[in-house]
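Here come two complexes built around subunit A, the first alongside subunit B, the second alongside subunit C.
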Partner chain A sequence: MSRDISVNVHHVARVEGHGNIIIDVRNGELKKVELQIVESPRFFEAMLKGRRYAEAPQITARICGICAVGHTTSSLRAIEDALGIEPSEQTVLLRKVALEAEILQSHVLHYYFLVAPDFFDVPSVIPLAATQPEVVKRALRLKRLADDIIGMVAGRHPHPIAMVVNGFTRIPTEAELKELLARIKQALAEDIPPTLELFASLNFPKFERKTDYVALKHPKEYAFYDGIIFSTETGEVRHRDYKNKVREEIVLHSTAKHAKGPFKPYQVGALARFNINSEKLMPKAKEAARQLNLVAPCYNPYYITVAQVVESVHNLENMVFLIEELLRRGLKEENQGLAGWQSDLPKVEKRWGVGAVEVPRGILFHEYRIHETSVVWANCVIPTAQNLANIEDDMRALVPTILDKPKEEITKLLEMLVRAYDPCISCSVHMLKVDFV
Partner chain B sequence: MSKALVLGVGNTLRGDDGVGVRVVEELKKENLKAKVMNGANLGFSLLDIIRDHQKVVIVDAVDMGQPAGCIGSFQGEKLLSLLEDRKFSLHEMGILEVLKVGYQLQEDLSKVILIGVQPRSLDSIEKLSPEVENKISEVIAWVKKEVE
Partner chain C sequence: MESSAKPKVGFFSFTGCEGCQLVVLSMAEKLLKLVGAVEVVNFREASSYKGEDYEIAVVEGSVSSVHEIEELKEIRKKAKILIAFGACAHIGGVNTIRNFDNQFEIKKEVYKDKASHFDSILAQPIDAVVKVDYYVRGCPPSRDGEEFLETVTALLAGKKPFVPNYPVCVECKMKGNVCVFQKEKPIACLGPVTRAGCGALCPSFGNSCIGCRGLVDDPNLNAHEETLKEVGLTTEEILKFYRFMNGMMEVGK
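For the complex of A and B:
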């Protein structure tokens, strides 16, 4: 069909930050596809230069108000990698609880507040609260639970204060952990079944495009905190060699760099993790995937949201496992680690380290060079930056298949596609309006 | 349930948007019976906070279409009509958006009093405009009248 369509969505709604979608079709031929990122750059890497290394986790936590635990964790792991520090098992268990809580919190916010309104044909969560109060109340309960876990374990929500290099400045008490455990079990029993019922009843758009899926992979667990970088197309890459997989490029239409593979774009996030690690999901999460008809490998990017629902079940179950493990071992006051405010940081001689951690939207890299007590160079590669080029490839594949639809429907499908990736634009600039030009 | 709470919200890096936080910082120096809290950019947790208190006084910059520094108090019907009239941004979950969701969820908003101050500028500076600065003590008096 020869048709001219120009889509120009200025500031896509219900994503974190500002981005535009530009589509130009002339005589039925797709001329231009851009996901413009118009958020101002934030220069965090430059801010880190010259700062004492133990300050980096607190500084980089401020990159994001949603994945602050993720940035803190990746930063801590990069520093510990550089300094050759192996934190205690208790520290690792507590960090994993905080990280899983944050992934739960972010996923709930995305699938209930940002995605669900599309399926009820309302512009936002505000009218949804009037028509579907139970849905919104359930979402708020789950979010509060996740927020409270982060506050209890990481010392503050959203920006952790107790998580420091090689330890915690404060650990939760047994009573606090027991209270959280009871609430997590209650959420699994009461709030998860209706959540699964709701998302099983939604009809996600049908569109498939196989791409390269990249996530951490671990022999024993559904990897978030630890693992080797794994690509479904090119296999394993050691975390310190991440630049063999991730090439950062500057593009004119985006203040966020595009980080992609050396040959082609790839996808990170919940669906990539599910496609690579679904065998390692906890039992109830596996059951949830069956109920939601999510089978690996899944090539439909709209199903990223479904994978998030499945992961949130896993997060709750795994937190039960982690907290029970902590209680079984008994909490011990250990060394308090190296905090940013400490004056006597150990000096090191020209070290280098990389932290690779799965955060809600995908794999996050922090890389630092450290000399004496200072960060002398830093690089942070944010998940959304890794997804941008892949989203544009999705749009290039999708638009020709929907050209017979009314412009409003094309626009909605494109917005939903971008939203499915749950882009965190403010973090990636270092995105969303659709503009048909 | 705790008694009264004074909650200052806003972003101190955005000029007059910081007025609520500024007011609670001043109030913290005094010995109020009410709890005083810096709410900064509180999201939905505001609803839990409201549920946990008998009375909640919120101080924030509110565009009322009045001259800068003008103070308005909104409660009951008046607060609800403020929520009705407002054009909601799809991007930001500000205090009024959260209150609106709370209203839709049939939370008890009768115990909420919003003291709004008309901002002059929301530019990226860390200080208040003189018009708003000059009204700080008056805003504090309004808050005290509600909670003392």
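For the complex of A and C:
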């Protein structure tokens, strides 16, 4: 066991953004574990200062090409929290459709395009197009469906157009919703069973480390859009008190700040949500979890991918429910809401609000202070920033157990671990303004 | 370009949201057809294979640090054709919003006493650093990536891609949209000065154009300023609106 191993993966592939893994083992002893984030800093919170508050969703959507609807939604929730606006039920239903569709597209992209190549021992999904055309076509079909749903409800993906403060600048027609409904039902019937079969057949690495799991929790639904912050270790926190749970730290090896709880690192994302909310899953998603052998609580971070598969079944089922509900009520032209460059944007006096929304990689916080028509201060806490410290703890626990393996295998297991968290590095270097709690 | 071997394409990303690469991934079957015509040798977001030889480099994101300048110059040396892909690479995009603040203060605010450890410069479009052969516009690239495919197809055929030199308003009128300036509560719009080619997507969804495709060759800025003032925008707000995507104020690019 007294080996020297030095792993240096420059720019981990099949993750969103630029990151390096550094491991240094001397005489069988682990000296250094770092997930370096080398993406250039982006300063979104600084950019928001002095911009119109209604523009914040359009600007922050551009933090992330994958979870643009998630950022938009969290931004809208923060502004509405600050302004005391209750959007209509129709607005909330439409937002939920867009948000669940985005979680579906992100999960499909991750488990089919980014994770699956590891199991087929190919560098990317492209060689799979030749050897496993039906797998690739199915993945593309599911992704296209998710993109089309977002396209019809919000205008396009990424960077939604119609989602604005207190409403939509355009609502979909009933015919559009009916067409989507038919395609979603078809996907549930035809594309989900082989997806489940495929992922049930894969052997995920065996590794367990119990940590603190944090996600939104809601009494009536598997929480994405709404709920109270819940930690499996420290219990409930109201959304406006998120700083009692979340703290960002500057680490020199990372342009993304590390966010962790006051006591220790925690995990956010699909597995955290599953561990906290699994009883609230829709029936087919529950059945999928059984088929994939995913049981709460699950402490294996490689199973984040499996939890994503389960969630994507739930997303499809819940979208059927949401769209049928919209059709039953009948779509109504409501007020157009407050677009970013709306004339006569209402002025407000010193307001403050927080938005907490579940996005594909975990809980996302936007916090704004607003005065007159401008954002005067902003803070965004990104899921990947919250997971970074936890990933390093996982690597610290994992490396000593795999030291007897060849270096290539150690490297692959570490890359797969980082990839399992589905890190979104472009997002996590949004950075500006830490409050040292 | 020789027709015998498939041209090799590398995708590279600098400062941005990587949404442009995602649009490529979303093109589904069309993407598979493109894969038949070219060989993708570098696409870190989707592949762990890193090829070093490529004729066509597709670059997304703006340049915003010293190490990115160096990497971009390396890519330019290797590539015969370099495409600036999306608004950040083309015009600097959303990243340039921060260029109008005190950079030292921003950095200090984020990283406190550790500010000097982090490499960050003003955000710039990539042609501030290297020669660019083609631009694919939009944030994200317009028409679900169609424009990207058209550009690559045109250059593979040795043709010049079509670039409209009329404003988004033309496409918006052709679609029969209600002008967002004419809504009950008007929305200020950059459509009158922004290069068309997106099919006026944002106004078609009831919202205004934010100028993500850059300005036309000869924008009538004075008339546009008057129109924006008529719906209540101050001069300061008008500047901010332009600086959402077009902080560099480059005309006709």
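Going forward, the second predicted complex is superposed on the first by the 430 of 437 C-alpha atoms of A that agree within 3 Å, B and C clash if a C-alpha of one lies under 4 Å from a C-alpha of the other, contacts with A are read in each partner's own complex, and residues count from 1 in each chain.
Please note the rule applied: a residue touches a chain if its C-beta (ideal position, glycine included) is under 8 Å from a C-beta of that chain, and two chains touch if they have at least 3 such contacts.
What you see is a predicted model; the values in this text were computed from it and never measured.
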Which superposed partner A:Pro360 touches (first subunit B, second subunit C, both, neither): neither
Partner chain(s) touched by A:Ala129 [first = subunit B, second = subunit C, both, neither]: both
Touched partner set for A:Pro301, first subunit B, second subunit C, both or neither: neither
Subunit B versus subunit C, judged by how many residues of subunit A each one touches: C
Which of subunit B and subunit C A:Trp341 touches, first, second, both or neither: second
Touching partner for A:Asp147 - first (subunit B), second (subunit C), both, neither: both
Partner chain in contact with A:Gly227 - subunit B first, subunit C second, else both or neither: neither
On subunit A, the residue positions that both subunit B and subunit C contact, one per complex: 11, 13-14, 65, 123-126, 129, 136, 140, 143-144, 147
Residue ranges of subunit B touching subunit A (in the complex, touch as defined): 41, 44-45, 47-48, 88, 90-91, 97, 100-101, 104-106
List of subunit A residues in touch with subunit B within their complex: 11, 13-14, 18, 65, 123-127, 129-130, 133, 136-137, 140, 143-144, 147
Contacting residues of subunit A [partner subunit C, same complex]: 11, 13-17, 39-43, 46-47, 49-52, 55, 58-59, 62-66, 68, 109, 113-114, 117, 123-126, 129, 136, 140-141, 143-144, 147, 151, 154-159, 161-162, 164, 168-170, 250, 252, 255, 336, 339-344, 415, 426-427, 431-434
Sites on subunit C touched by subunit A in the complex: 14-23, 25-26, 28-29, 31-32, 35, 40, 43-50, 64-65, 67-68, 93-95, 97-98, 101, 106-107, 109-112, 114, 117-120, 139-140, 144, 180, 183-189, 201-202, 204-208, 210, 231-233, 237, 240-241, 244
